[in-house]
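Letters A, B and C mark the chains in the order given here, with residues in each chain numbered from 1 onward.
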Amino acid sequence: MSVIVYTENWDGKFKKSSYELVSYAHALASELGVETIAISIGQVPEDQLNALANYGANKVLCVKNPELAVLDNAAYASAIARAAKANNAQVVVFANNFTGKAVAPRVAVKLEAGMANSVTTLPLSFSPFVVQKNIFNGKAQGNLQINSNIKVLSLAQNSFGVKESSVSLTIENFDAQLDSSKFNTELIEKNTVSGKIILTDAELVVSGGRGMKSPDNWGPLEELAAILGAGTACSRPVADEGWRPHSEHVGQTGKVIAPNLYIALGISGAIQHLAGVSSSKVIVAVNTDPEAPFFEAADYGILGDVNKILPKLVEAAKAFKAHS
Amino acid sequence: MKILVCLSNVPDTTTKIKLNGDQSALDMTGVQWVINPWDELALTRALDLKEKSEGKIDTITVITVGESLTEPTIRKALAVGADDAVRINLNPTDDYEVASNIAAWVKNNPYNIILTGIESSDYNGSAVGGMLAEFLKIPSVSSVSFLDMEGDKPLMKREIPGGTETIRVPMPFVAIVQKGIALDPRIPAMRGIMMARKKELTVVEPAGEGSKSTYIGFAMPKAKAKVKMIDAENAGQLITLLHEEAKVI
Amino acid sequence: MNFQFTEEQLMIQQAARDYAQRELIKDVLERDEKALYPTEHVKNLAELGFLGMLVSEKWDGGGMDTVSYVLAMEEISKVDASASVIMSVNNSLVCYGLEKFGNDAQREKYLRPLARGKKIGAFLLSEPEAGSDATKQRTTAVDMGDYYLLNGTKNWITNGNTASTYLVIAHTHPEKGHRGINVFIVERHSEGITVGPHENKMGMRSSDTHSVMFNDVKVPKENRIGEDGFGFKFAMKTLEGGRIGIASQALGIASGALELATKYAKERKAFGTEIINHQAIAFKLADMAVKVENARNLCLKAAWLKDQGQAYGTASAMAKMYAADIAMEVTTEAVQIHGGYGYVKEYHVERLMREAKLTQIYEGTSEVQKIIISRSLME
């Protein structure tokens, strides 16, 4: 019996979110009294794999079938489902991220499992098995009872946190026995922006809205983000106007993020925007309008023209970094 | 060539969420129902593709798993240009049930391309597309922000963390689309509304599997503490507070 | 009684709302400020079918009922009454007049492009010295055998410059009084037509209002609508329907102002709470809401009567008078609720207040509506 957790790697490395996921799976496995087994796909150095022990993984299954070189949703699902069956998994845990969304639903069907995504807590009860998850983009929480024998969960980012718990870990290779003729996702081109902080991973996010007045005013915002090591984001009108790329748009129809810190500069806080950021741990709102809804959702607020306030923040951030 | 677009019927995204007295259900009185925004973008792209396909794309069908109250949103899809519609007469409990029932229809009525939105704005499920593809044993591609035909071959881009991948999979397949796939959804024209009267809306009884999960209660998020205002003149103080008090930097 | 809208009516309402809230809102302030005609919007509204929505499918219209028209007019007018008056004149005066009273040749040539919104129409009745009293027309059309020779000046003509097709009311036999009046289809670019400068209006500044002068303009015989002497009846009948359009416009202006004022009152705080929690504001909003609802019911009743083929002249006069008057009241209160913000342009309510004023004046002043209503009591 086991809890299986799919730990994704990026160029052979795990991220904090991977550790959060293992921490969660371990907590779940402890409650169930079973093993925590991580699945890793592709080439990952041994020191990286060993690090998973620090968060409670008892075993890592390394899957290196060539069919998995490119993300083919069906192939990944086959591999993970096979591992889950071979290890008598009770629960399979994914991150509620790009890969999780692509693969978890297929795994659920293969295992005839009920699925809950964007889960925010450990199960409220195990019999029946009930988890809490975000609904309406975090505007409410739903308690979902899963009735199948096996359960598939995907965890909302930053909802559980990284928890250390050292166990001893074994590394095993696992042959997923894939039939290559069945999988044919053809990768034609890959475009990645290097060096840039990936918005959905970012711990800190600095975001601009229409109150920035002009796309030419983004310099100080980017400078602040660079000093803090933050990702940059924007509101929908700004993306629609073409001031910023759509990839930066956060909100109901854009990206949904949950960083530790979200600084909203000149964004009024329309309900659709808040839906994309309300799970952030700390929110700062800067706006000229004292009635801006963002002040209701924020932890810290500054009333004033963002273009006058930004230089002060940049200066303070510089001083802070110089001293720390 | 035939395209199927899966539509979910959801409360308008500006809806204020309320719970009933014992928190066992969401209070849906007075809610305005709309096509799930991502599904609507999928439909918009399907229509764009059909219009420029020079007849290669024959029909666009929309499908919804829902009871008769979903018909106004289905009619809207027909009014903006879908050719016909299917409604599976079932108030579904989870994504598994939705996907399984759509799969049951598609097994007897094949399509070349199936489009779904990446998630629904109500229960944020984001599983129907992947589950449907698995039930049908066909490829699925997630987070698709671009879909076009290169001759007879569809080409897609998917948004990966920090970039995009251009990929191709053989038909039939399920594309799970997100923002970027199309611009603003279409507004139905009078002509479209008139034509929608004559388009076929087939109602079928469920033939798929039942659900695997069910909601047993709801809660509202905890109220946030009141905002702490910082004087604009001393805006720099924010950085200190974020470090010392909030401990996030 | 059935107060339930059909699925289709709701879809049209939503389509109008989407267009208004998504597109018209973007540049409405700038167009108002600079008195710019909404060229692109008119093209888009035509493509969506709003400009000919009441015309039957046979003549390339939308084939929609008048109830749908009221719903659409309200939604468009909430955001932009300049756009909605263009829509109203084209639909309920020009297209309606041509479809109802024109012959097939006239419908084929003139109605079809108007119904598709490919061309825009204007209704030329008002004169410098004949506004409310339509029988005092000074514009004359003299029968020259093969054609009529048209002379005179028309004032306050909506779509005066952009229209391609004019419906012109003129005296052919001044001695016969209102029985000597006729209506003619006149092409905008006919020889002898001069369009005056754009009127610099208080509100609805984005619609083009002009005077139009006719100097020996030759109008083909076949362009007269109806029997000789039909013009006065034509004008009265057409204006009956036109009133539903303007009534719905006034309704939209009022309901738009109510929505903005309510939203503002829920956000704005004074004395430690949102101002909607102060009875002074809450009761104002309650009064406004009742007025808007009454106006809506009057508009829908008139539209329903028209759709049922029943007499609606008095009902449409009631709707027009009431909706216009309450639009003025509701917009004034909306400005008051906004306080200082209400007096500046970016909050929209001062513009709605300026727009509301015109609805009490054009297509029959509130006073003229009272004449119509009171005459119905005398019968």
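To be clear about the criterion, a contact is a pair of C-beta atoms (placed from the backbone, for glycine too) under 8 Å apart; a residue touches a chain by one contact, two chains touch by 3 or more.
As the structure is a prediction and not an experimental result, all values here were calculated from the model.
Student: What are the two chains with the most C-beta pairs touching?
Tutor: That would be the chain pair A-B.
Student: Determine, using the mean of C-alpha atoms as each chain's centre, which chain is farthest from chain A.
Tutor: Ranked by distance of C-alpha centres from chain A, the top chain is C.
Student: Taking each chain's centre as the mean of its CA atoms, how far is chain A from chain C in angstrom?
Tutor: For chain A versus chain C, the centre distance works out to 54 Å.
Student: When the centre of a chain is set as the mean of its C-alpha atoms, what distance in Å lies between chain A and chain B?
Tutor: So the centroids are 20 Å from each other.
Student: Distance between chain B and chain C based on Cα centroids, please, to the nearest Å.
Tutor: Going by mean C-alpha positions, chain B sits 39 Å from chain C.
Student: For the complex, give me every residue of chain C touching chain A.
Tutor: Those in contact with chain A are residues 267-269.
Student: How about chain B: which of its residues touch chain C in the complex?
Tutor: 71-72, 75-76, 79, 184, 187-191, 193-194, 197
Student: Sort out for me which residues of chain C touch chain B in the complex.
Tutor: Touch residues, chain C against chain B: 7-8, 10-12, 14-15, 18-19, 22, 47-50, 52-53, 57, 61-64.
Student: For a test of understanding, state which residues of chain A touch chain C in their complex under the given definition.
Tutor: Answer in residue numbers: 291, 293.
Student: In the complex, go through chain A and note every residue touching chain B.
Tutor: 10, 70-74, 77, 97-98, 101-106, 108-110, 112-118, 130, 132-148, 183-194, 196, 198, 200-201, 204, 228, 246-247, 249, 252-254, 260-261, 271-272, 275, 278, 281-282, 284-286, 295-304, 308-309, 312-313, 315-317, 319-320, 324
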